[in-house]
Structures are given as structure tokens and as C-alpha cells.
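Next come the structures, one after another.
Below, chain A partners chain B and then partners chain C, in two separate complexes.
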Partner chain A sequence: MKCTFEGSNARVIAKAIQSLSKVGKELYVEVDQNGLLLRAINATHSAVGSIRFKRSMFETFNLPRTGNADFYCKISMKPCLAAFRSMKQVEHCELSITDNQTKFQVKLRCKLETVRQSVIAILDEQNITAGVLPDHSANVIRGEYKLFMEISNSFNAAEEELTLEAKSDSLAAKNYIEGARVSDRFMRSQLKLKPNEFTSYNVTQDTVITFCLKEFRAFLLFAESLSADMTLEFDEPGSPFFLKIKKHDDIECLLIMSTLSPDDVSFSEDYCQRELTVQDAASPVNVSKKRKGSAPTEQIEHKRRLADDTTLSTTSTDLALFQYNGLRTTPTNISEPSSVQPARLLPEGDTVDVDDDEEALILAAAVAVESSQTMPTANELLSYNSQEAPPMTVLAVQEDGSDEDCVPQSPEHRDNVRAIFSRCFQKTYVPREPSPSSQMYAPNSDTED
Partner chain B sequence: MRFRARMQDALYMREFQSIIATLAKLAKECIMILADQQMHFIVNEEHNSTTAPLVWASIAAADYFPEYKMVPAREDHPYIVLAMSAAHLSRALAALRTGATVNSCKLKLQRIQFPCFSVIASVVSQQSAEPREVVHDVPVNVVAASDWPAYKIPKVPTSQLVLSMPSLRMMRNVIDSLKNMSPTMIFHANAGGELNLVAESEMVTITTAFRHLLLRRLVNRDPTDNDEQQVAPDASCSVDCRKASSFFSALQLPNEELSIGIDSENCIHLQLDVRESVVLHSILPAVCF
Partner chain C sequence: MYHSKKLHEKGIIRNRKMLTQSQYGDYKFVGHLDHIKTFHACIKSLCFGENGTVTFSEEGLRITVEQGKSIQATLFMDPKFFAEYHVKDLTSFGLKLNVFAECLSLFGVMDCSVKMLYKGDGAPLIVLLEPHNDDDVSTECAIKTLHVDEPIEYELDENSASLNVIFMRGPDLFNIFNELDKAAEELEFTLSPQRPHFKIATVGVVQAESTVEVAKSSDMILLFNCRDTTVARYKSQQLRLMNKALQAATKVAIKTDASGLLEMHFMMQSGDAEEIYVQFFLTPLLDI
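Coming up: the complex of A and B.
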């Protein structure tokens, strides 16, 4: 596979890679007849970004000669960023796959006859495909990137999530959720916009959605570099949120993000795994094939994962990290239709408690011990390099493509004292009243309350 | 207890924002005292911070706020005292600083889930023709009247000599470099309009002399001594370099009318007159060698 393009397009591709690097740690490259597709998925699998470059952007475009005219690979993001770092002097760029399809080569011909060549090892031949179709949302808003930049700048750079309250005649961007308890030290900001500020504003269903700001900003950055309009499409809380950027029919970007379900208080570090649902046998996913032809209804595939594709209940882990984290005594199940679905690997797809160690301990010591053993792991397994995952056994994490015989880490030492006096070590943020849009699945069984 | 104020003029809003930005650079927390026709901010009241001096700002309400209404909790305690994070307030007002034209800015004391100070700015950006509303709610702690004695507005010290400062930028650079020389710095001023900054270390003594400064005020130490005119009285005081440096680097105000008053061996008083009844003060206490 080989494709070449000239300097200014190379700069666009470099910017695309920079934006995708803010989403995920690995870059999935797909080359097919239509062009080049770059994708990334974030650590907690709550956002998938993909940028497609049509063939018209390239000077030459040679597909692999094998029968299957598609090509997929996955490469680590860091070397990519390093390869496409300073693009000012670049006049011509060539991407190719060499060395019997194990290496991804980037050759940049720069001014003054310099040639910069980077060879990046291909980690695996995996691909992400998203299981949702982004065309049937109830609400569609389109606006210039400048407007969204202003919205984004009204909020702190460290802000985690953004809530949009969309009504037919107004849009409010907030950094808090109405009705949810917040801590006293939290500064609330709100920006009210009118429909006529947008290029097109079509909100048929009043909704309040909350999504992560980090990936949004990553794509906003790319839209800014293209000076393109951004289109937001969304339905209701809990269902995925789409962000599209389109430029001259050459470049198409799509960012799919999960939104906060009405049950949850907030995203936490290990975001909502809510989009991942149980994959039953009925779903037509073929695990053994390494390369997958793109099926019309694509589904996310991750090979070689020990993770169960499980229904992961809401996370309220890592209380120390987030102010809003409600202590949930009852895990809630995700019931909304799946958007992002993991490939199923193990036959057991049962509900796994993602509750934190210590939280489970509140309920009963015995239960705690039990639940700690069935630790999710799913949580952590699905996130390759996330350091945010709660300290749990690292058994299942595998760097794909690296070594078969990776030695699992020994399980971490559980501090028994903390297990016994757990309440003493906790930040006790327990919302006295539930959020207005919440549902009680079981009454509070905490005897101390 | 109620408070409501509104700002209309873009220039005033920008000045207000820069005053708060200055305070935000100096310390994390600040105290806001709302009096009947005055607004005060105090930073570093208790001198806990070793790197920032005591700074306070007094703003006459009539200057900035065409509409200003303060109703205290009790009639016999005619103030509202709030403790809040300076950084939050500064960020809330950041909208007033940008190039976008701001139509108006409302300040309100509200209680949503907790008491907070709301800044509601009506901004017209380049994109849209219509104003949009930006609301920031800064959480505050209301200080009870029993604690008010701890938060008194500091008194302006009586200085023997008050000179107007040379260029702010130059002072900032000089003090920044002197900061590395020695922990303390001596300000010498005399009635001839000279200000000397001296930093001493074991190896070297550096003196920066500013001349031809305007003399603002001169208090004769010995009032009965009327024929001692040829002896130009002077004043000197040694202060902590870091505090001085942090004050000068924190200043965000474009105005350059800064005056320095020296109370010999007691303190240095810096005063920035933003406008006639909007003043920013700072006190650098004297340190011993």
C-alpha cells in the first residue's frame, strides 16, 4: 500500500493525527478504495473519532494488490506524532507499508532536499468500527467553528464535561447538571445561545445531554485548522452524540461520544462504560477472522481481549478524583440500545460490578470480599493504557501484538485495615436527595445512614 | 441580605476586571466587603502568604456601577462580607476582557444551592449580532458579623515621604533581578525626588537610582524645625524582595500612576490610583536584616 500527497495536505493529515492523539493512544489506519481513514478510540471506549480523507486528496494512491482491497492496521500514537511533528518545511509526503506488512513508513520530503523518514512498527491488524449510524438524530445543530471555540473557551481548560440544554428556541451550555448536587467549591458557568447564532438549528426534541469535553475539544481543534463548520447531532441523554466535520467533500470527520445517562451523576475518570452491552450469541461477529470486511452494520471488534463484553454498570469509582461522584449503593444497569459494542470473546457475558472496592465494603464486609474478587477488571481490561483504572489485578491487560508470554502482574496487596475501617477513609459524599431524573432500583441498605 | 449591581461602560468593566485579575495573581482567596457606597477587596489579610503582600482595593460604587444596591443582613451591621476564591472571580469576569463588546454586566448575590456571587455578562461576539448571556456563579462564604473584626479594611499608613513611581515595567524588571541578589531590599527616598533601591549581598551591593521623581507629599519629621530646609529629609525602609516582586508582577492594570510612600523603618506603602475614587493599596512591611 502506498500513497503520496503534497505539502499542504500533509499538514492537514498531521493536524488530524494531532487531534486524534488527544482522543486515543493508538491510531487505526484503514485504506480502502475511497481513501484513507484514520481512527482513534479513547481509553474508556466512550468516544471514537474517525477522519476520512478521500482519494482526491492524494497524488498517487496504490492499494495493496491482494484480492481484499482493504487494508487495516493499528499503530501507536506517539511515534506518529513524532513523525508528523514539524510540518512547515514539508513539500511532499509518502505513506507506505513495508517489510511484509509489519512496518508503516512515513517519508517526508522537505525543503532544501532533506528527506525525513520514519518507520513505525505496526502493532496489530485491528480495526474499530462503530456500531451506530449517525444519521437519524432528532436534533441537528450546525455552526461555525468560531462559535464552538467561544463556547469552549467560556469554560475552564480543565473542565471535564459539558452539558447542553437544547430547546427549540435556545441552547444553554453549562458545566453542571441542573438538579445534581455539586460541591460548594464549584464554580458554575453557563452560556446561553440563541438559534440564530448557528448556521442551522434544528431541535425537535428538548434534551439535556452531557458529554466529555476533552474529545470535543480535540475535534474542535481540527475543525479550527480546517476552518470548517461543525455539526452536532444528538438525541436524548444516554444515546450517543455525533460530531461531524466536512470540508469540500474531501475530508469527513466523525466523532461519536457517549453521553451521560440520566441515572448517573457525572462522568468519572473511567467514564461511562455504559455504551458497552452484552453481546449475545445472536450478534453476527466473527472473532476468528483477523481482517474483517466492513459489514454494513459495523460493530466494534477488539480481538484478543480477555474482557468480557459485559454490561458494565455505572462507575462511581475513584471517589477521590471527582467531586461529583455520588456514592452509589446500587449499581444501575445500562439498558439503552448499544452503540459501541465490544467484540465478544469470552462466553461469559455477565453483569460485572464496576463499583469500587471501598464502596462495596460499605454494604457488608462479606459482600465486599466477594465483589472485590469479581473486580472489573472489565473496566481496566478494556482500557489499554489507562492509568485511571482503579487499582485492581492487572491480569488481563495485554499489549496487543507484543508478546504472547506476558507475565501477569501479581495482584496488589489489599490493605486489610482499610477494609475493616473503610468508612474512616472515605470522602463521604452521599447525596441526600437523588437527582430529579433518577430512578431508585433499591432502597438504601446502609445501616449507618 | 441582598446585593445587586450593574456595570454599563466598557472601560469601567475592563478596569474592574483588571483589578480582580491583579488580586487573583496575588492570592487564592480574597475578601469582598460591600458597604453602602463602596466596594472593597482585601487579599492576604493575615499575612500567611510569604510571597505576597497585603493588598486591598477600594472602589467607590458610584464610579463603576450606575446601579448599586446593597441591603445588609441587619441594619446595625451595615456591611456584607464575603470570602471567595479570587481565581474564580477573575475567571468569571474574563468575559469582560476579551475583544467582544460587552453590553452590560450584572453582579448579584444569590443563593442557588449555596450562596454564590453571580456575574452575568451580556456579550456580543463577532459572530452573532445579538447579545448572548454568560453566567458564572462563584461560590462564596458569607462571613458572619462576629468575625468582621478580623477583616477590617487596613489603614493607610502615614508615610514621611511620598514619591510617584517611575515606570512600572522598569520597576518590575529591576526588582525581579534584585530578587536574586538578596532576600531584602532597601528603598531610600529623599525629598529631592530621588528613589534608590539597594540590594546587598556578600559580594556586591547594587543600587538603582531613579531621579526626578515627582514629590507627592512630604511630612517634616520635626515640625518645629522650620529653618532646616536645606537638609532634605529622607526615608528608608528595607522590605522583603519577594513580596515586592510579586506585587509588581501581579499588577495587571494599564495605568501607570503608582506612588510609593515610605514610613521609615516601618513599612512601604504602594498606592495605585486607577481613578479618583478607585484605589489599590499595598503594604510591604519592614524586615530586619
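Coming up: the complex of A and C.
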């Protein structure tokens, strides 16, 4: 096998290898009638990325002389990355298989009559094929890479999964929080997009899917280097998710990723259930307060930062990031608070049965603990509310009227103090949680509680 | 000495011994440099070894550094490079190069002029730094000098039938070195009158080998004079010690012969035409 191509195409292939290197530690090379195919599979076999370069990209393209026309092999990614590391000076590239099909050779002819040559050992004559093929998925979304870049950049680099909630009239992207993850530190972000942001938007079936961000980002990088459009195709949760990039019929990329199954303990499931109850509860004022209360250790500054984020992304394009503000102004999105009450997601069995007296004592202790942490007082919260979301109640009324289809039930009544420390008053609250080693030595003498 | 006299009048120098009445009467060596930048870069490129041997003679200034008997670097400065250069007789002493480099960088990136003074055996090397754009500040450092052994003399036989010499442009060679696989433990240099004229191969990387070849007609090669094919391997870790010198070099000469001893000359040019040379000797790894 031998194929040659010029410098600019070599740089594209180098980018492709860089993207694939983020998916897997080995590179599968396949050569057939149609061109060159590079593939990588991740360690857990949950994602396969393949990038095809058509014959038109190559100056010469010789198939192996052996009987079977197709040639494939597996090589280690690391030396391959090293070979394609600095491509600035490259004018011409030649890929070939040498030494009786045991070596993969990359020959780069650079400026100033320099030739760089790397010989990489072939690990195995192995190939991978994905068991699924993208046929006609129920949902097809196509958009510019910039848009997906924006979505990806809106989330913390440490986030591992992304949840897409596709409806026929909107798409919401949010970070995925595992059902049982109980931490005061986590942040919930959500980005809501209208169909007209996309080049084409065809969602026939409302779907909530969750997939890995790492591979998604790797391919996004490649799409950026090609400045090409991206197409997402997916069905119900649990079935594969396809990401396609196509450029001038020369380059075709396909990333197949498994999505989180609805059977797993997943946020999407909890989320759906909660949506009903909370949407029933939908007085936005209440919701926002509940939200504050549910993350008591979050400080105002933190919230300010969030608010800043929001304004940033809203100004950059017409994307709307639904954080605190968005929540209050769009009641269709009321489901939000459910996600920030991790304690409620704990299974019932985990709670400790305590009689009323004891419960009150522990609660008092918990309240003390919570209030000793730096947290906004009720006043601060109120002023904050009034700054950030001026005509909440009015808006809510309007929206309620327009959104008759899912008229929520009336909310449980909660007074202010309770709303602030709402986590302490939840039925599923685990009193042990704030200080698991705490022990009560004397009964509570405070009569107010 | 005019300069230190001024400092003394200002009360900055208290020690009267530092003043010279006649023009450098007591000093075995006085050197004055108008611009410190290139000199500083050269000194930094020598800092891989702890102690350097400094030698002053009529031919100029030499600083030699060794590390473990297998790599040696020598800096040469012609008297022409100095604005003033006075030397009494051949003197040599040891110096902690890290300390010297640190003294030279006291003013950071500010351009300074530097004056070096040495009184003789046992006396410290006195370094006076004066920034060009600030008349109010100057520093004086006294660096302890040491006794050191004479460095090993390496030499390539100029008349050897296998002497190969290549002159290259510094930045281009730097790029080539930079693109070599960092994981390689050893590098193999091939110089040959036939193709490949100049080749570097990485050795010791799992599952991969890579080579870089430069044709002798390449624009980056300024002079190509190879008599015979020579192949030798060197530790990449030691070659990397040359990186700082290579980074600052405008031209590089690569010399080797059948013995495998590698001699590299780095020419550092400052604004004017004068040059500082840093010469490296690197012994090859034995073929087993």
C-alpha cells in the first residue's frame, strides 16, 4: 500500500489523528477502494470514531498488491501522534506499508529539503467495525461547528457527560449529574436553543439523551479545523448517538457513542418524574426560592458569577443559558430545581427513622451548622432576587395562562425560613449528612424549635 | 577607576580597596562589555555544569564547563568583543556559573553594560552592572573564585581522512532538534558525502523509529564538507544540554570524524559583527 498527498491534506490528516488520539490509544488504519479510513475506539468500547478520506484527496493511491484488496492494521497512537506532530513545514506526505506488511511508514517531505520519516510497528492485523449503522434516526439536528463549540464551551471542562433534551420546538443542553451525587459544590448549567439556530432541526420524538463529552469534544475539534457542519442523529436514550461531519465529499467522519440507558440510575429519569411534580408546583417565585434554599452553601459571589456567565453567553449569540435568571423568566423550564436537590434523590431506605423529638434536635443542629457556613441571609436573598428577576409574579401569571397544557398543581406552601433551609425540611433529608460523626449529648433546651 | 570612584563618592562603595588610582594598575584582568544580552545568553547555555574554569589571555576570554567526562562546553570571546580588555598575564580560576549567571540577570531584561575585574589569585571576581536607561542604579557583585583542575582537552584531528564538517543555520537546526521524539534515549548522527547527507535517527522508542534527513543542497546548510561516512550515537539527554546554546545561535558548525567525537560550534551574534563562540564536545556511546 502506498499513498501520497500534499502538505495541506497532510495537515488535515494530522488533525484527524489528533482528534482520534483523544478517543483511543490505538489507531486502526484501513485502506480500500474508496480511500483511507482511520478509526479509534475508546477503552470502554462505548465510542468509536472513524474518519474517511476519499481517494480524491490523494495524489497517488496504490492498493496493496496482495490478493485481498482491502488492507487494515492496528498501530499504536503515540508514535503516530509524534510523527504528525509539527506539520507546518510539510510539503508532501507519503504513507506506505513496508517490511512485509509489518511496518507503517510515514514520510514527510518538508521545506528546506528536509525529509522526516517515521516507521511505526504494526501491532496487529486487526480491524473494528461498529455493530450499528446510522440509518434513519428519529431525530436529526444539523448545525455549524461554531454552535456546537458554543454549547461545549458553556460547560465546565471537567464535565464528563452532557444531556441533550430535544423537543420539537427546542433543544436544551445540560450537564449531567449522577442521581446519587450529593455534593454542595456542584453547579447545574443549562443551555437552551431554538430550532432556528440550527441549519436543520428535525426532532420527531421528544428525547432526553446523555452521552460522553470527551469524544464529542475531540470530534468538535476536528470539525473546527475543517470548519464544517456537524450533524447529530439519535433515537431514544440507550440507543447509539451519531455525530457526522462531512466536508466536500472528501472527508466523512462518523462518531458513534453509546448513550446512557434509561434503566440506569440516571438523572434524566428522575428529572422526568420530578418535572411533573414541580411543574405542577410552578409558581416561579417559589421555585427560585426553593432553588436558593437547596444549595445553601453557595455564596452570592458564586451566583453572581453564574449570572455573569449567563449574560456572557446571551450576548455572544442569541443562545440563552438558563441559569437562575432564565429559570424565573421561562416557566417552561421549571423542572430545573429538581436537579439541584440531590438529597431528595436518595432512596427512601437511606433515611433514618427518628421520632419527632429527636428529629427536631438534629434539625436544630443541622440548621446551626448550615447557618454557620457563609451563606446569604434571607435579606440578601431577597434583595438579590429583586435585582435579578424583577417582575416574577406577573410573568408567571402570564406564562401560566399561555401554557395551559401543563398547568401545574399548586405548590406546597412553605414559609420563608423553611424555603431557605429547605433541604433540612425535606422528607428524604438525611440528618446524618452534614456531620456524620455528630453525637447528641444533651437534649435541646431551645423551646422555639 | 573612574566608575567605582564615582560610586565611592556617592557612598555606595565603602571599601576603599575597590578603587584603583592608576588605570587598572592592580588588576590582572579588566573587561568591559557595552551590552550584556548575548554574553548572558552564552553564560546561561553553560550553566548545565556547576563549576566553570575561566581563563584570560591575550587571545581572549575562555570559560570551560564539563559534566561527567563526556560533555564539555567552552565559551570563547575575542578581545575585540569587549569595549575594553586589559589582561596582565594568563590567569585562570574556577567560578560557580549559576551564581555568575544570576548576577548578570539582576536587572532582568534591562540592557546593561558590564565590567568585570579580577585582582589575582584568591580575589573575587567583581562584576559591575549598569543599566543603560537608568543612571541612578548600578550593582556590584563580588563572586568567590575557586581553584579548579585543568579541563580535559578534546581535539579532532584536522587532517583526518574522515573529518566531516557541516555549517548550518542555527534556527533551522533548532527546529530539527525540537521536532525529534523526546522519548528517544539515543540519537544517531549520520554524516555522509552521499545521501543521506545529514541524518538524525531516534533510537530507543517503543514501536517506532523516526529519522530526519537534510540534503546538502538545502538552504539551511551553509557549508558541506564531508569526506567519509560517519555514524555515531549520542545520549539525547546530553544533546539536550546544548539546547540553550542552540537557541541563541545564529550559525552552527557540526564536526565529527571516524572516532565519533562530536564537536559543535555555536556562533552567537549580537547587534554588531562581533561573535561569541560556544564550543561543545560530546563523546559518542560505544557500539556494543
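FYI, the second predicted complex is superposed on the first by the 257 of 449 C-alpha atoms of A that agree within 3 Å, B and C clash if a C-alpha of one lies under 4 Å from a C-alpha of the other, contacts with A are read in each partner's own complex, and residues count from 1 in each chain.
What we mean here is this: a residue touches a chain if its C-beta (ideal position, glycine included) is under 8 Å from a C-beta of that chain, and two chains touch if they have at least 3 such contacts.
Just so it is clear, the model here is predicted, and its values are computed rather than measured.
After superposition on chain A, the partners chain B and chain C are seen to fit next to each other with no clash.
In the superposed model, A:Ile120 lies in contact with chain C only, and not with chain B.
Of the two partner chains placed around the shared chain by superposition, chain B is the only one that A:Lys146 touches, whereas chain C remains out of contact. In the superposition on chain A, contact is made by A:Leu112 with chain C only, not with chain B. In the superposed model, A:Ala82 lies in contact with chain C only, and not with chain B.
The overlay of the two complexes leaves chain B and chain C separated by a minimum Cα distance of 10 Å. The contact sets of chain A with chain B and with chain C never meet.
Considering their complex, residues 85, 88, 91-92, 95, 112-114, 116, 125-130, 132-139 of chain B touch chain A.
Interface residues of chain C, counted against chain A in their complex, comprise 172, 175-176, 178-179, 181, 183, 196, 205-215, 217-220.
Interface of chain A with chain C (complex): residues 75-76, 78-79, 82-83, 85-86, 89, 112-121, 123. If you check the complex, the residues on chain A that touch chain B are 144, 146-147, 150, 154, 156, 181-182, 184-194, 196-197.
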